[in-house]
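Everything on this sheet refers to the single structure shown next.
Which chain is which? They are A, B, C and D, in the order written, and residues in each are numbered from 1.
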Amino acid sequence: MTEPGQVFSALKATCLDDWDAFIRHDFVRQLGAGDLPEACFRHYLGQDYIFLIHFARAYALACFKSDELDDMRAAAATLDALINAEMALHVKYCAGWGLSEAEMAALPEADANLAYTRFVLDAGMAGDLLDLLVALAPCVMGYAEIGTWLAADSARDHDQATRYRDWIALYAGAEYQEVAKGALEQLDRVAARRLGAEPTASPRWAKLAKTFRTATRLEIGFWDMGLAPPG
Amino acid sequence: MTEPGQVFSALKATCLDDWDAFIRHDFVRQLGAGDLPEACFRHYLGQDYIFLIHFARAYALACFKSDELDDMRAAAATLDALINAEMALHVKYCAGWGLSEAEMAALPEADANLAYTRFVLDAGMAGDLLDLLVALAPCVMGYAEIGTWLAADSARDHDQATRYRDWIALYAGAEYQEVAKGALEQLDRVAARRLGAEPTASPRWAKLAKTFRTATRLEIGFWDMGLAPPG
Amino acid sequence: MTEPGQVFSALKATCLDDWDAFIRHDFVRQLGAGDLPEACFRHYLGQDYIFLIHFARAYALACFKSDELDDMRAAAATLDALINAEMALHVKYCAGWGLSEAEMAALPEADANLAYTRFVLDAGMAGDLLDLLVALAPCVMGYAEIGTWLAADSARDHDQATRYRDWIALYAGAEYQEVAKGALEQLDRVAARRLGAEPTASPRWAKLAKTFRTATRLEIGFWDMGLAPPG
Amino acid sequence: MTEPGQVFSALKATCLDDWDAFIRHDFVRQLGAGDLPEACFRHYLGQDYIFLIHFARAYALACFKSDELDDMRAAAATLDALINAEMALHVKYCAGWGLSEAEMAALPEADANLAYTRFVLDAGMAGDLLDLLVALAPCVMGYAEIGTWLAADSARDHDQATRYRDWIALYAGAEYQEVAKGALEQLDRVAARRLGAEPTASPRWAKLAKTFRTATRLEIGFWDMGLAPPG
């Protein structure tokens, strides 16, 4: 495989139905159309705050598990960006939605959140760096696809003044797209180092595809959770 | 604290409503009364097969994390019993319900299963042996309480010829009760070694109570899953 | 590769000089000839007690990291044997050499011991099950080779009444040889599952060979330590 | 305990002889006097390159194991600084000593390096964040003490044109001293959260003191290694 993103494409191809159910989820459609109930969005934002913490822990684990400096550097930079920069942006954005950091930190963690984040962390602990990166891929790459899709869709079909414009702009924006591209390339690189030139021919492929699919299903569960705010 | 089981009792006392919702769950009541739909029980058994594998991994982790030989020995013996003995009994029991091991191994893992098992494993990885044992406690001790309650209840109120008699007898039986007592004592011992004579006065207590409560809530989620078999 | 033990043979072939320096170490030669100073042997026995504890932890980790039941079962059985049986034998044997368990537990851990055991554990944590099994292989297989060699050598050249006869008999014996054979087969099996039919053609091979060689060098360091008792 | 650095002071007080043997080691004295053979310094620099990689991994692990955002942030910032900034400085400094990064990356890792780094990582994996921070403390704080001592000593007694002036200035400098102060405060904070107001009264204290002492002894082993360059 030599085309950039080929490992991700090959993984996605093993579970296209699940992938579409994640990317085109009702939560996403409603968010793009601007008619997602605000209670749902707030519920999502609060849980996403908790999610980001464990997602950052997964990048810390990726750094711990790297045996090449380039992978350590990539993981350390992502981790620092997440926990020392993005987190502050997220907190500020949430404040605009009436959610204080103290409130979010006190929220009970939803089961869908526990399932997704702890699955990713355990996939990394039980396996190697590649197992971990594959478990992380649906989130990183999925949000890039969703951002791009919604931005294009919004431009075409909807009033730009949607309530969720800033959220869409974040993931459609050049900075996030660059992060996703970096993750795509790292997945190719680590797969080449650990599986060789034909990842899909490796005896590990079926297990990696299962991990990718489970993480994708857990993304769907996360959107489902978003549509069902408590109370 | 010197009375056996005091740490467990103190943890339970912090979330009695959740604990009762777990122990007296409809799944448990119906199982005890013998009117639990068999599709639910089979769904539960299949997921429990997967659960046991990750539960065994948690005991392997407990052994890895022990810094005293008695804790290593206890964890290694439990692990060996689970994976080299109980597992075979479970498989045999499931065969009686028409579930082959190959079928169970091929089942997609339910989200409730992922959430519970991976939460326990991550609690152990992120924390120390005590964090792990506290996360394991609701399962080990809860099944002992459920077994005892249902056995007494069955004796009093129901036809002994219930379909689920063997399941109840397993957890009400002397062997399982002894395992639970050992876990109770280990929890006291490890808490004393890491928190001192007054565990509830430790600054860690609130976090430990949160872990115990989350694991209890995830047990409730596991029963909920049992009542909702697929298709 | 289809001949049993081919992965181990291929790893050994990458560092034959180090391997011979480990197997034919002066400590081993003197032990076989019966002229190893008893102070050296006692120093070795005491450190080996500490070694066994961390070696057992490595098998616990192997069980945690397994994604196939056969590997979990193998690791759990080895762990239980080590910690609940071998350990007691070792303690009894050491008592015959005037070393009580309390004394051994109170020994400061030698740097050579720290280096070897923690390297193996970290190789397993950072990598996958295969990285861990490769790091464990020199010890498991080396002692089998040493036992066989010394037993044959003793039969040929030396007075059978050597002081170290029981130690040699343990590792030359059928039971230990069977353990080593199981480890040999597991290494083939896990390598096939993770690297495919030609492990030496995998891009991971160089790193695995480095891990094997480092562990072999650390075995040499352990014998060096044995020859240099404190005081 | 309320005075800053009290936990570190209390740990140091449990092993003052070892601490002095580390801080006042011949390697350090010769370095300060400017008469350390350059072959020793180069050997040290090359191994320190490898050390930094695993030290960075330990901070990644600290981030993974944190359950408070302030600890995650501190660990992530240190990790990013180490791997994405300090490392480049170290490489540049080593180039001035005729050591290329490629050469250093190809060096066999000394046993003293393996022992120290892997001990720290395993202490963190087996225990909790506090166990890890205690294992890291001798390095972080020791280099700050050494830098301060040598800078004062150099000012008083030696020609300022010592070959090792830049190395001393690095660790005596405000930036590094600030890093050490941050680590000192984090140790107090995490000890308070996990052990309460009187850390030395905790049942964990003896084990923590043992970890601190072992890490200090392994620092001594690292200097010993520096004085014994290969060939």
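To be clear about the criterion, a contact is a pair of C-beta atoms (placed from the backbone, for glycine too) under 8 Å apart; a residue touches a chain by one contact, two chains touch by 3 or more.
None of these values were measured; they are calculated from a predicted model.
K.L.:
If you list every residue number at the subunit A and subunit B contact, are more than half found on both copies (same) or fewer than half (different)?
P.N.:
The interface of subunit A with subunit B is built from mostly shared positions.
K.L.:
Pick the pair with more C-beta contacts: C-D or A-D?
P.N.:
Most contacts of the two pairs: A-D.
K.L.:
Per the centroid of Cα atoms for each chain, what is the distance between subunit B and subunit D, given in Å?
P.N.:
Chain centres of subunit B and subunit D, defined by C-alpha means, are spaced 43 Å apart.
K.L.:
Measure off the straight-line distance from the CA centroid of subunit C to the CA centroid of subunit D, and report it in whole Å.
P.N.:
From the centre of subunit C to the centre of subunit D is 32 Å.
K.L.:
So the centre of each chain is just the mean of its C-alpha atoms; given that, what is the distance between subunit A and subunit D in Å?
P.N.:
Distance between chain centres: 36 Å.
K.L.:
Considering subunit B alone, which of its residues make contact with at least two other chains?
P.N.:
In subunit B, the residues touching two or more other chains are 57, 64, 125-126.
K.L.:
In the complex of these two chains, what residues of subunit D are touching subunit C?
P.N.:
57, 109, 111-112, 114-115, 118-119, 121-122, 125-126, 214, 217-218, 221
K.L.:
Which part of subunit B faces subunit D closely enough to touch in the complex?
P.N.:
Residue list for subunit B touching subunit D: 64-65, 67, 125-128, 131, 192-196, 201-204, 207.
K.L.:
If you look only at subunit D, which of its residues touch subunit A in the complex?
P.N.:
Residues of subunit D touching subunit A: 53, 56-57, 60-61, 63-64, 66, 69, 72-73, 75-77, 79-80, 82-84, 87.
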